[in-house]
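Two complexes, one shared chain (subunit A), two partners (subunit B, subunit C).
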Partner chain A sequence: MANLVIENVKKRYGQTEILKGINISIEAGEFLILVGPSGCGKSTLMNSIAGLEDVSEGRILIDNNDVTYSSPKDRDIAMVFQSYALYPNMTVAQNISFGLEMRKVPKDEREAEVQRVADMLQIGHLLKRKPAQLSGGQRQRVAMGRALARRPKMYLFDEPLSNLDAKLRVEMRTEIKKLHQKLGTTIVYVTHDQIEAMTLADRIAVMKDGEVQQLGTPQEIYDNPTNLFVAGFMGSPAMNFVPAKVVEQNGAFALELQASKPTVVPFPDQESLKPYLGKEILLGLRPEMITEPQPHKEGAEFVVTADIDVEVTEPMGADTMVLTRISEAEVNCRCNPVYPTKAGETIAMMLDTSKAVAFDKDTGERIDR
Partner chain B sequence: MNKNAANAGSGATQAGRPARLSLADWMPKIVMAPTVVAAVVCIYGYMIWTAVLSFTNSRMLPSYKFVGLEQYERLFMNDRWIVALTNLGVFGGLFILICLFLGVMLAIFLDQKIRAEGAIRTIYLYPMAISFIVTGTAWKWLLNPTNGIEKMMIELGFEDFRFNWLSDPDMVVYCLVIAAVWQASGFVMALFLAGLRGVDGEMIKAAQLDGAGIITTYRRIILPSLKPVFFSALVILSHIAIKSFDLVAALTNGGPGYSSDLPANFMYAHAFTRSQIGLGAASAMVMLGCVLAILIPYLYSELRGERHE
Partner chain C sequence: MSNVAKRQTSGLDKVLRVALYVCLLAMAAVYLAPFIVMLLTSLKDVEEIRSGTLLSLPGSIDFSAWSKAWSGACTGSQCEGMAPYFMNSFKIVIPAVAISTLLGAINGYVISHWKFRGSDFFFAALLVGCFIPFQVILLPMARTLGWLGIANTTTGLVLVHVVYGVAFTTLFFRNFYQSIPGELIKAARLDGAGFFTIFYRIILPVSTPIIVVTVIWQFTQIWNDFLFGVAFSGFDTQPVTVALNNLVNTSFGGKEYNVDMAAAIIAALPTLLVYVLAGKYFVRGLTAGAVKG
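Let's look at the complex of A and B:
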């Protein structure tokens, strides 16, 4: 167990700056997820933590020791790779014990450790096989076993699930979460899958273009994104961004939208809208905040019912996604499947802006708090 | 009714099919026929003929008076053949080992992300593009004591320098090794370089994190994963060694005396210049046996490997 501090880490390849000053700090035992689109620098950051790549500037501390210039083997970390990176000429048992062997652990201790790890991951029956004779999920387990065997201070996972099929991915996701709960070791996990990030993390660092856009708990990131990028990246289907004009109505600031007819919706953070009076902003509204009219919400403070034109409906079983257009922007709404929705019709929908967020149209930055 | 129509339709296709199929069926066979005939006659036909001749008392012209294993007995009583076989052992063993070692080392060094890799690779690979005759002739000049390396060193002031392996019956076989290694190690390098390029980069990172140094990583992880490449290189090199003829012909012409003969030169000399076709055929059959001894396990493991996948 160890805490991790990343201080102003920069990485340059010639002229191009891959990491532009990363600051992340997590407590011992936390599950940190680095998430972002490809090319955002998350894998580079991961490799820098592992010591596989040197940083150009800044410091990395593991367990309060400065390891910025230590070699990978001296950092006491283990890594699970996307391709699993198992040694093809060794059996599963040899794969798991190789790290121990390199650290000159006696043979009987190594064997005991292999057995412990194999029991934990239920791969005891595979120990004598070669990696080529394993399925994808089994290889994934062995790769995790190899990381577990050394009992390092920290685990690094580099997109470990992206080579698995959808069903197995969900299963292994739960396994990893269980494992973390059982071991309580610090984990840094890189993924581009925002669902993985939401489900696994204690804390998420959303990255883009070599910068951390936001560092926070999954719920913070979901409810309070700092900018348009984070808001659009996290959540599936993505948050809706509706251009809205700030107007004054009955002594309060409100937002005017163009649904089927012009509609005015209230907004919680009044102060923030003041400088934007008469201008357009982007209103961020999660799909689950636009629903069929729900009687228990009728008359609540930030709830407005409006008519919308249905363009497409996508039944998903538990919900039906209704695609419509508000103020020229495509908008996803999440409806109860029993509510009659049909493409081409105009239906009543309930807009709940109590958790809505607002962004500056030009900078993409959040304007309310 | 619909069902009937469907049946009628399928019946028509079935009736129409054989005629069209037969042409499509025959086409590959027709196209392949000349090659197959040529291979059967020229390779396997003559192979069998040689085998038959090796059991006869043929001398200048083929005769069909069978004498059993007499030619083989004569062959293994023949001192020149024993020299040729011993030479093959020394030459083949050293040639394969040194080539493998140099090839692997060159490939590893070349795989360290160095500059001008393309140019260097071409330089090392280029000897393979030259025929053994040219290699032999060039090395004959280099190794010749009166005008090669020895002369150069003496002119440089090392008056006592001696490098006369080419004229020393005990050492001449090593001259063959030098020239053949020069020619083939670049090729082995190319084989291994391709193998090294196929190694998963994440695997090397994993080894690094596991605490393995660079030498351990190569010895324990990377090179063992290149086992198939080792095997291919071994097979290719050993058949080059066994059928070596032109190198000897150009570099030493079997001399001094017959001290640098290889089996192929022995076979050629007896079958075509010394009117001993029977003896030559017997030696050819022994060589074929050597090649098969290497090739059959190789093919066996290759085919079995495919079934495993």
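Let's look at the complex of A and C:
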């Protein structure tokens, strides 16, 4: 168990700056996820924490010790790689105990540790096999076993699930979460999959172009994204961005949209809209904020019913996604499957803007709250 | 779907197949002919060689030319046959192959997985070594060996072959190690293994195919080398190729073609043997790394 502090870490390759001053600090036992599109620097940051790459500037502290210039083996961390990186010439048991052997742990202790880890991950029957004789999911388990065996202060996971098929990925995701709850060890986990990020993390750092865009709990990031990038990256289907004109109506600021007909919707944070009166902003609406009319919400504050033109419907079982167009922007709505929706028809939908967010059209920054 | 089961073999198909085999056999015959002539000639006596044709079979199998070539034929003023030089060649080839292969493996490991500033340039410079003609370095190398005090010695020849071989062996190992994922080395570093531990415990155990390729290549190159052998060897350190040349060029009275041929086969035997024993690895190893998987 160890806390992790990353202070103003920069990484340059010649002229190009890969990390542009990263500041992240997490408590011992937290599950931190670094998420972002490819090329955002998340893997470089991970390698810097592991000590596999030197940083150009800044400090990294693990368990309050400055490890910025320590070699990987002295940092007491273990890593699970995307390709699993199992030693092909060794059996599963040898793979798991290699790190212990390097640390000169006596043979009987090593064997006991291999047994403990194998029991925990249910890979006891695989111990004598070579990695080439294992399936993808089994290799994944062995890779985790190798990390677990050393009982390090911190685990690093570098996109560990992206080589697995969809079903196995969901299973292993749960497995990793269970493991974290059981061990309570600090974990840093890199992924580009925002669902993995939401489901696993205590805290998420959303990265783009070598900068942390936002660091927060999954719910904070989902409800209160700081800019258009974070809002668009997290959530599936993504948040809808609807161009809206700020107007004054009955002494309050409101937003004018073009659904089937022009519609005016209220907005919670009045102050923020003031400087934008008469101008266009981007209104961020999650798909679940646009639903079929729900009687219990009827007449509530920030709830408006409007007609929309259905372009496409996508039944997903639990919900039906309705694709429409509001103010020229494509918009996904989440409906109850029993609500009759049909492509080409105009239907009534309920817009709930109580948790909607607003962004400056030019800078992409959040303007409300 | 019974109509899919039987493919029609037309007459034309059969003709083409026969033509293909005829072609292949003809090629094989062309390639094997010199060796067959050598073998047949080495088993005849001098009289038979003079009266018969190249491909006529020997009247009786006679190994006396072989024993003469091995232990009695004259190479210059010495008349001890090929045996001592055969041993000389092994004394040169075994250390030279072992050292150049090991150095190539370490070089390849560094260039592919422990990149340093200028490592790509270093590799490019090494590659140039593959293209320098042997003749160009004869004089400077002679000077160097003299300066080191190992001119005309087996050690000197080993050094020359190692220096010349490292360019090729590095290239072989580097290309092979390029296909080993870098994450494997990262994982080992996090596990606490150092440079040589990783090399010895993780890299070398998966290197068998490329080691076989390199050993065959180096063995053949060094065993068959004549130029370095003739230029840098002393009187009693001559390799088998130089001895063969001397044997063929030394004649008292009539030319003993049967002894020459037997000596030539003896000189070629070790490389032949290496190919027969490890040939399948050679092809497999050369293509390993070329395709993923």
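By definition in this document, the second predicted complex is superposed on the first by the 369 of 369 C-alpha atoms of A that agree within 3 Å, B and C clash if a C-alpha of one lies under 4 Å from a C-alpha of the other, contacts with A are read in each partner's own complex, and residues count from 1 in each chain.
Just so it is clear, a contact is a pair of C-beta atoms (placed from the backbone, for glycine too) under 8 Å apart; a residue touches a chain by one contact, two chains touch by 3 or more.
Only a predicted model underlies this, so the values are computations on that prediction, with no experimental measurement involved.
In the three-chain model built by superposing on subunit A, subunit B clashes with subunit C. Residue contacts after overlaying the shared chain place A:Gly99 against subunit B and subunit C alike. In the superposition on chain A, A:Lys178 makes contact with neither subunit B nor subunit C.
In the overlay built on the shared chain, the residue A:His125 is in contact with neither subunit B nor subunit C. According to the touch criterion, the shared surface of subunit A, contacted by subunit B in one complex and subunit C in the other, consists of residues 47, 50, 52, 72-73, 77-79, 81-83, 85, 87-89, 98-99, 102-103, 146, 150.
Every residue of subunit A that touches subunit B in the complex is listed here, in rising order: 47, 50, 52, 72-73, 77-79, 81-90, 98-99, 102-103, 146, 150, 158.
Taken together, the subunit A residues at the contact with subunit C in this complex read 47, 50, 52, 71-73, 77-79, 81-83, 85, 87-89, 98-99, 102-103, 146, 150.
Of all residues in subunit B, those touching subunit A in their complex are 200, 202-203, 205-212, 216, 220-221, 224-225, 227.
Those residues of subunit C whose C-beta lies close enough to touch subunit A in the complex are 181, 183-184, 186-193, 197, 201-202, 205-206.
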